[in-house]
């Protein structure tokens, strides 16, 4: 459980510069009002939580509401900004870059904006990457394309060297667009900045195609991702039905959570088995996956299986664990493993079958954002700018209860958001697929019904 | 302002039938829990509202949370259900129909489901429309297509005659999928049912492509609608730039609110003028639209204008007002009117220009739902079924703070949801388009900046 | 019937400059060969025509094959090129512009390329439009967008003034991308150039979204157009089925030929009535359209009607005829006229119905080219460059029997390509729609079958 | 070189049944004319070939023109038809099935049509697959979906057993939709039928997503395939540019020919290296691929590589060769091999890079046909029906010089259609990619230019 104090965003100092936004301080004049420092969004919007807080006299947990402030910290004329994108591609990266530049340049009047190439390593001299001066003209059309206009990279870089570079270039605000590892990096930079008593704001725009960042209702690019995944699942369903005992096996993203897989399955309604990291999963035995799969083929002669990349990792437990350049645990490839095990099972039993394995991850993540994500990226970028210009630091631009929020980075990276096996989403997945609640032999699952 | 009591949903009686869903009553067993009757979603998830309620000892306004109940009212074996779709087409209609049938048939075991053809008039003998027996096989693929599998119609029908038909066919639950007028009809049916002391549940699934139903965060099909509109705006932008003083004028849906237009404009970022019903709008004078448009063409030589169909209706005030078959005010065509006025203006001033008028409404509304709407429709339908099976009546399946709710119909049709001219959405539109906050001469708007 | 002599393309002079393309003169070395001046493509690739020519000793009609020549006329270092786009938008315009620039700059080494803004009027001083220096960097991504990067306009301009401008700017080659009117203009420019004894090549890339240019198998953008039209017809079919006696009426492009409408109808297979300029069409009487439509509604209760914009123009015969700025006959709006007549018919007969009218022309023509058109545009542009660099003038880049050709402009504009009412395409349309072969009362058509 | 006699299609007997199509025998009556038995399409539509034939008195090679005949062989009332789909999925399979059923049922009045499940094995009793009675209602919407409504399989089956089944079921016409192996099977069935002196027509609809069937200008599904491939290449390009020394490696279909890869590359214009089976390819050495790739990365820091699945097979020459169930040579996976070799190269040289490998084959082939392919599939199916009803057997429905043809199966399977390394298509690929004409060290290629 959280405490309200955990969610106070650090401020660089007193805000004394009038905002250039010409918004309003009063209701009724037909002009949008500045956000007050006290405006906060409740963590749990339920009556139950309300009653609990009231009865037990608890201050409800809440998040700072994002938005424009009447007084800001940085003087736009004297402010220089850097933008960096880190980690893997995600639909909407270019929309966020564009949104930051447009908001800074057109709305706040910050004219000096630089783009750092290829992630955090762009700060490190030995890599010798170029710096790009970003202008509205340059970024005008980039949101029509997938990928990252700035390039990206994985990998930890020394926060001290990054702050050296920020100092050298006189940067006042750093926007980092990236996932868990990137945000931890941003936090380390924030701390190094504080240690040096600098006045540099560090703002994160959380990027996770898996939609697994804590306390963020949805992350940009996620909807585009499961939309494209849905189309691919339809094709995979055609592959499954197109052959006798046809099996289509699709691996989707989801290192620690299966949100893309679950949402795509709910959108398409044709998935027969959905295997995610959050669930118990055994291959063998009467309640194991292979047995259940075989039973389905006997009845229906085809099956569409979707597996999230981080699922079933305990099947590899005996083998050593690796980390990738970002410090993420490097996952064994469950998709290929599962394909091999299915082949083994059916070959051994001399059952005719046909299996097609599909791994569309790069196709999904390199696509351009759809309309809803485009809109969302833009608002996210705008709110990140509002926060940073108001002197907030060590924060990310979040989204909760359909409102934009500002969250301290440490809370966002404390743990991963996961599908609750006891929640509504998973319940719907079970209904849609008709699969048992787990593939674990020791489980007391009744296999009630198989579609 | 609302009172909590306004949001109590009517119940047909005591729930005594055990749910066939095999969910859980306790946390920690890995199975989704039934929803309690007391579970409610707060209207305003802000700390400010929390403090107000606590300080002034107000019971916060909240909505009944939707979901499966442990005890239900109707015995599935003895239940017969009717489904009807009314009003104009909307992406997702078939997903909702399919979702209702699948949930009723597969999950609750209700096997007698009929479809009423062509809206409420399908109940009225003189129209002599067929009745369709709906089965999972029949609706399996309908969600891949736009339109309504059942057909639809506008127009008020006598509630007494509809209840006569429900009685004649031994219907226990009526699901009506439709907009404002349809829901008012559903409420009238509910009242007629009560008057006759019948035990028929009436459940509404609110359909409004305009996203303008009160107390509903988003309506199904809305996202698909603004997504398609976005693509069309990109083409319109090409038309505008493709000619000297090129003007592209797109009329989008939005009888009383401009949500589709506003969201599409924010997704595309190329709209120069957005005219919605919520704003003040004059054509002539120094702050009038035509003057501002002319100024833009002088600087940029092209303009993309989006107008919501219900905008500028006061321009027609002197003429009589008509109602369409559903009782909606029949709007004068602002798109064609505006095109004529623009032509007049530029012809009179002998300024060379080229205008292209685009009215894509039927193209948008007849499309199939996108992935996110597909998923949403399904959940909406499931929750409507949960509510009705639990004996709720005169309600709609709603969505608020990212949770599904049950709302009494009268609250949903009390007023229309509109864009707040003083809110964040409109503020973002103004920033994106660069247009003044109103086109009214008496307004004190400074025309600060024109992009 | 044509003569072979009609298809000789004018040459500016002897070709003495070696091509910079480094292709081959011999077969078997694994390098593409230069095209010989004698390479020609047969007009009619049938055995019947072969036998006729052989028996009657006729020289078969043939077209010059397009492609790179070993010797060219213009010295790339000394060549300056202008590109202009005229008339309405069409998918692929930007691909053609890009293809011309890339081919000229990268392959031939022509570095001085200018873009003329807003069509032929960009040459005329009084319009005072800018000139753009075109480089590969500038056009690199333009093919991802619909519209015309250069802007366009309709309207005749004085050829003498255009040639004045070409002389003033020292242009050696003019590429005009446009339709019938534009090509007539190009021919007039060619003649003015010849009169002045200048050595300026004039090359046309035929643009007609209607696919109606004579002796051109397919025109760029046409496939994209009927593809988008197909999607719109699917939605329209949903509209028709969504209401009792629902009528969806879609107007598609096609001033003098119904190719877009016919191809879209064959792709979609849901159109019930297809009305094109080439067919006989009466509204009233027992074989007239309104009667046949009514009969269908009685049987099926819905109808999807597609009308090409140039159809049924004799219905307006009594009214005066106008020309638009390009000299095209300005067509009466058959779509709106038909809608009114249908309403009249059903209102008068007190038959309940619902009609939806859809005019998607601007949506279709402003879209970006699909993959096949993108590829085609590029090859078309490349072949236009080959022709012009080899000193051909007064020609268009054509396509016939799946090969690229060069055609004298006068042959291309001599008449319009039309659907043969006695041909296979129309036969297939009749089969797909089930409509009678004409809607003319004096016709001897048996109404054999109505689907 | 071919002889005219090679292209005579076998006829089952004299045609004595009047066609039920009600077409015309004369020109000028506004009704499509029946095709004469003598109507033929020239193989080479060039003037050069014409002159050669005339001068040397050669009968030009030509193909039978497809189309409706005035007299047909089979009496529709007494005719029973079987349809089977074999081999891998391909966009348009369902359109062809639907087209056959609609044409047979609606146009010719053949009411007894059965679908064989899962390819040729559906004829073999031991597999025990169901037979489906096909009706217009059943297939009405199947063209909206990818896959095969009938299911498919690979693998040779005994022609005698298939003819046994045809006899048992009283089948008069067999339509087989499949590739090279399937057509060889169809030929074997044709011969077995002849040996038994049966009057069963065997008609093939050639299916090859690779577009590699001899004497067929384009095959159905091919355009859809390279269209989807194009979108995927755009994403891959984003992946390449998104990382420092980013390499995106995409494997596309193309066992013996690289048409999909080449067409996609020409449509997208962003491919840097295209590797197809037709080209010489070495990995190592100064003109080998790895060296050239390294040089590009040094200059540009990213590369998009496309490899057709059948390319570079000589790299595996030392290893044994396998056949798949259809008798196709089972290709070693060049994509994975190439990825490993690239990694080796850059790892060994300690050059930083990032490689993304994408294999979208199943995604592409399981998609629904696009508009142009939908139209094409329909016409292909119609012409196959015309041919079979007219008693042609052992033939395929072809397409040449934009006309539908009938070809004897042996000519279609004699050899594969391949990209000519000396032809225009490959020349364009070289220009677009900027790659050398081969990656062979012994080649005399000057590496003239690298983009």
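We call the chains A, B, C and D, going by the order they appear; numbering starts again at 1 in every chain.
We adopt the following convention: a residue touches a chain if its C-beta (ideal position, glycine included) is under 8 Å from a C-beta of that chain, and two chains touch if they have at least 3 such contacts.
All values derive from a computational prediction rather than experimental measurement.
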Inset, instruction - Please flag the chain sitting at the greatest distance from subunit D, going by CA centroids. - result: B
Inset, instruction - Among the listed pairs C-D, B-C or A-B, choose the one whose interface is a repeat of A-D, with over half of the contact pairs the same by residue number. - result: B-C
Legend entry - Interchain centroid distance [CA atoms averaged], subunit B/subunit C, Å: 42
Inset, instruction - Report the inter-chain centroid distance for subunit A and subunit C in whole angstrom, where each centroid is the mean of the CA atoms. - result: 47
Legend entry - Mean-CA-position distance for subunit D and subunit C (Å): 29
Inset, instruction - Specify, in ascending order, the residues of subunit A that touch 2 or more different other chains. - result: 145
Legend entry - List of subunit C residues in touch with subunit B within their complex: 89, 117-118, 121, 127, 129, 145-148, 151-153, 232, 234-239, 241-244, 246, 248, 354, 356-360, 362-363, 366-367
Inset, instruction - Spell out the residues on subunit A that touch subunit B in their complex, using ranges where they run on. - result: 22-24, 27-33, 38-42, 45-48, 50, 53-54, 60, 62, 65, 67, 106-107, 143, 217, 223, 226-227, 230-231, 263-264, 266-269, 370-372, 374-375, 378-379, 382, 401-403, 421-424, 426-428, 431-432, 437-438, 446, 448, 451
